[in-house]
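Alright, structures below, take your time with them.
Next come two complexes, and both contain subunit A; in the first it sits with subunit B, in the second with subunit C.
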Partner chain A sequence: MNYFELFGLEPNFFINEAELSSKLRALLNASHPDRFASSGSQQQMIAMQKTTQLNDAFAVLKHPVRRAQYLLELKTGIDATKEVTVKDPMFLMQQLELREQLETIIEQKNVSDLINFSDNIELMADSQRDELAQEFEQVEWNTQSIQTAIYKLQFLYKTLADIEAAEDKLLD
Partner chain B sequence: MALLQIAEPGQSTKPHEHKLAAGIDLGTTNSLIATVRSGVAETIANLEGQHLLPSIVHYAKDGTISVGHSAKLFQCSDARNTISSVKRLMGRGLADVKKIKEFSANQLTASGMGMPAVVTDNGIKNPVEVSSEILRTLANRAEQALGGDLTGVVITVPAYFDEAQRQATKDAAELAGLNVLRLLSEPTAAAVAYGLDTGKEGVHAIFDLGGGTFDISILRLEKGVFEVLATGGDSALGGDDFDRAIAGYLVEQTHITADDHQARQMAMLKAREIKEKLTDAEIIDVDFYHWKGQITRQLIEELISPIVDKALLACRRTLRDAGLKTADIQDVVMVGGSTRVPLVRQKVADFFGKPPLADIDPDKVVAIGAAIQANVLAGNKSDNEMLLLDVIPLSLGVETMGGLVEKIIPRNTPIPIARAQEFTTFKDGQTAMAIHVLQGERELVDDCRSLARFELRGIPPMVAGAARIKVTYQVDADGLLQVAAEETTTGVKANIQVKPSYGLTDEQITSMLKSSVESAKQDIQARMLREQQVEAARVIEAIKAALQENGQELLTADEIHAIESAIEQLEIIAQSTDIQAIEQAIKVVDNNTQEFANRRMDASIAKALVGHQVESLDDVVE
Partner chain C sequence: MAYSEKVIDHYENPRNVGAFEKDDDSVGTGMVGAPACGDVMKLQIKVSEDGIIEDAKFKTYGCGSAIASSSLVTEWVKGKSIDEAQAIKNTDIAEELALPPVKIHCSVLAEDAIKAAVNDYKEKRGK
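And now, the complex of A and B:
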């Protein structure tokens, strides 16, 4: 059973997050180890494995990058977690600029600049996610473009994670 | 008063017999035990009517061990042999706790496994042993009050406790002879107590400031499901720090010398008294060690303000982790005795922009929530089918080249969870690999908590970089970690030697168990037999219920027959006194029911999915 089937969904990049969350709750209600606390250790073990699988599937389906990678591999067998070569000079340039900007902000230890920068990246991630969604909408998938779009989105999320780590340091 | 429950005439209460279960709040300063009686959760008092048990243990030279109020009497007269705030030592290294001032009167030494131990006139006591004394005292109190053995307990831990601290807590329970149904986060327990009381849905913040730990948890409550969105805090921040700040002021005024342990201990006690008095009063007269003066609330607020600010900083970060703003929080619930301090309430109200709730006694709320959860887990039918979904509080990672930490499972990931990571060899022909598991948010190994070191042996010799060693980290619903490893190109499972950095091995626990039981002149064999018989009864009851529920539907006649005869065998063998035979018979039943258990799980998952679809359809119709 693949992760989409586990949640009773068609394999699709578009996902209703609220529906996904509420399905998770319904499923965990049936599988959670707490439901088997007074059963034997074997049933508790099965409950833990099933719940682990549900939590893991949810994490993959919820995260746009991981969902896209999973969907691509499921349908085409392509492992999109591997490095791809992006032949897009504009994007590579922008990538460098953003990293430089982040480093400058971190050096200056300016929290409000960091928050503005973070908001900015979030907007970029939103539009990149839409772009990726459009790639998946195509009747014939262009796997090269999909992989590039995934890579670009991944870069933006990685930057957001770095911003969060920088914020942690500033707050310490 | 709560109404008593009476069974219908003719209906046996046997199959649904009320199981005795309790919730234990094992606190830094005080501990409590609570249970659900006739549908009402309440804390249990001792014979003197006292609910709080001071978390203090005294070891006398003649071997007498006293716990609680009686141990407290020795705090000044025999400070060296009196251990308080032991929770601060749980799952810690000797170097970590050298900084903790409470233990200045006690002599600390290294125990076998990195954990510090206290040298007393009655021998060397490690924190797990000391905690087990407190747990045993509480369990005895409950068993006397309820008139029977406890089938299981839920023990609360600070949400921010790391894996080593949780494991130490579970070990203490095992040593005390208790069956732990679940380790539950203290803020989650508090939310359960409030949630069931008021039936409130939405997002809530639980601000839990105890004697020695601080937790902040953001939870969403929806249709009986308590979902922890994010948790944070500081496992070494609490009301004791307030006392210390005030004691520091007293020491300054009275010029007590640094080596006068008894005077310093007195200063801590006086400080607590001052703090408590100034909860209501604005100004009080103080008479301490030839010093007479007045202390105002304003003065102590200046002393403790930086400590409260530290807690609020953790609140800010946790909100951000949950992706929420203060305006999204419907209610702020206050838990822990230290939230009685007016400055804490005021600062929390300012931060969240709303007055905090403190309707339930902040000392008792955690134990009450734990009791409600224990009642559900023990299998006592409850109208409120609640479910608690918790997260891992601190990221789990592994040491990589250059003393850096690579995160494997990030903080605030829902548990139970498993993640796998692949490693490869560094040298040609390498057959072993050392893996160092860490917990924490920082980049450097030295800044994180060391959990365990693993050695993988028996890797087939290959050229460097060719081996694929898959290491799987499984965190269970108690937040405890297990690691498995496999070389994937050949399928060879590598042997793992687990060495917890700050914990006890299974052998150490068994030997401690033996020595404690021997001293109590009980038979360890009898206890192990009893444990196996209880497990056998649990297995038999669960499978019979399962067969009745959907055995016909999911199994063939042959399969049912095989399971039934395995159970019959187990029922007969369980009457005997042969521990190994019972263990073996349980295994036989397990093997025979593995497939049935899997099918049952799949069926119940499928049913949940269908039920959910029907439910969401109803929403549309409405």
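And now, the complex of A and C:
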């Protein structure tokens, strides 16, 4: 059973996160090892394995990049998690400039700039995620375009992670 | 994970951080990135009329190994011809910095960056 099937879902990039979370709760509840306390150790073992599997699947399906990578591999066999070098000067220059802006904001300890910057990058990441979703909506998948859309999202998420780390530092 | 002393040295005292004017005819710019870790690396070379790299600069956003790899490469390429620079292998970088297996891709990134910089220079010059 693949991760989508585990949650009773069609293999799609689009996912209703609230629905995914409530399904996780219901499934975890149904397979909780405590329910099998009187059923012997083998039943409990199976319940524990199921719990682990559900949590792993949830972690993948919840995260847009991991979900996209999983779906791509499931349908095409292409492994988009491998270490590759991206050579897209325009895009990378833009990413470098964003990191430089963040560096300056951190140096100046400017909290309001950091919040504005964070909002801005979140918008960029949302629109990049929508672009990725559109790629998956195509009847014939262009696997190259899908992989490009995935890596662009990865760079934006990295900047968001850096922002979060900076917020923790500046705001505490 | 423990970094080697050489990595720490380059990380704490990175050589040749900075930038050249990208549109300068004698400058080649290599931009590369690694999506899995989100590293972004810019490596630039300034080349003399006879094809010798006079100076090199870099700017890297990434882990210590990525910064050390690009810093080391800017040191290595100075005084080399562009063809010699293009022949630098990631394995030499990894060996010099004693990179652990999980960080080998950082040296690959630095090799790809110098190659991209030389290619950019050659394209500009129409060679």
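Methods note: the second predicted complex is superposed on the first by the 153 of 172 C-alpha atoms of A that agree within 3 Å, B and C clash if a C-alpha of one lies under 4 Å from a C-alpha of the other, contacts with A are read in each partner's own complex, and residues count from 1 in each chain.
We adopt the following convention: a contact is a pair of C-beta atoms (placed from the backbone, for glycine too) under 8 Å apart; a residue touches a chain by one contact, two chains touch by 3 or more.
Here the structure is a predicted model, which means the values were calculated and not measured.
S.K.: Which partner chains sit in contact with A:150 here, subunit B, subunit C, both or neither? Use first/second/both/neither.
M.R.: The second partner, subunit C, only.
S.K.: Could you tell me if A:81 is touching subunit B, subunit C, both of them or neither one (first, second, both, neither)?
M.R.: After superposition on chain A, A:81 lies in contact with subunit C alone.
S.K.: With both complexes superposed on chain A, which partner does A:128 reach: first (subunit B), second (subunit C), both or neither?
M.R.: neither
S.K.: Which holds for A:25: it touches subunit B only (first), subunit C only (second), both, or neither?
M.R.: first
S.K.: According to the stated criteria, A:69 is in contact with first (subunit B), second (subunit C), both, or neither; which is it?
M.R.: A:69 contacts neither subunit B nor subunit C.
S.K.: Identify the partner contact of A:89: answer first if only subunit B is touched, second if only subunit C is, both if each is, neither if none is.
M.R.: second
S.K.: Look at the residues of subunit A and decide whether subunit B or subunit C touches more of them.
M.R.: Here the partner covering more residues of subunit A is B.
S.K.: Do subunit B and subunit C touch any of the same residues on subunit A, and if so, which?
M.R.: Common interface on subunit A, subunit B vs subunit C: nothing in common.
S.K.: Considering only the defined contacts, which subunit C positions touch subunit A in the complex?
M.R.: Touching subunit A from subunit C are residues 29, 31-38, 40, 42, 59, 61, 105, 108-109, 112, 116, 120.
S.K.: Quick check on the complex: what are the subunit B residues that touch subunit A?
M.R.: The touching residues are 19, 151-152, 181-182, 222-223, 225, 227, 313, 316-317, 320, 376-379, 385, 387-389, 413-419, 441, 474, 476-477, 535, 538-539, 542-543, 586, 589-590, 593-594, 597-598, 601, 604-605, 607-609, 611-613, 615-616.
S.K.: Spell out the residues on subunit A that touch subunit C in their complex, using ranges where they run on.
M.R.: 81-89, 92-93, 95-96, 99-100, 150-151, 154-155, 157-159, 161
S.K.: Under the touch definition given earlier, write down the residues of subunit A that touch subunit B in their complex.
M.R.: Those in contact with subunit B are residues 7-8, 19, 22-23, 25-35, 37-43, 46-48, 50-52, 55-56, 58-59, 164, 167-168, 171.
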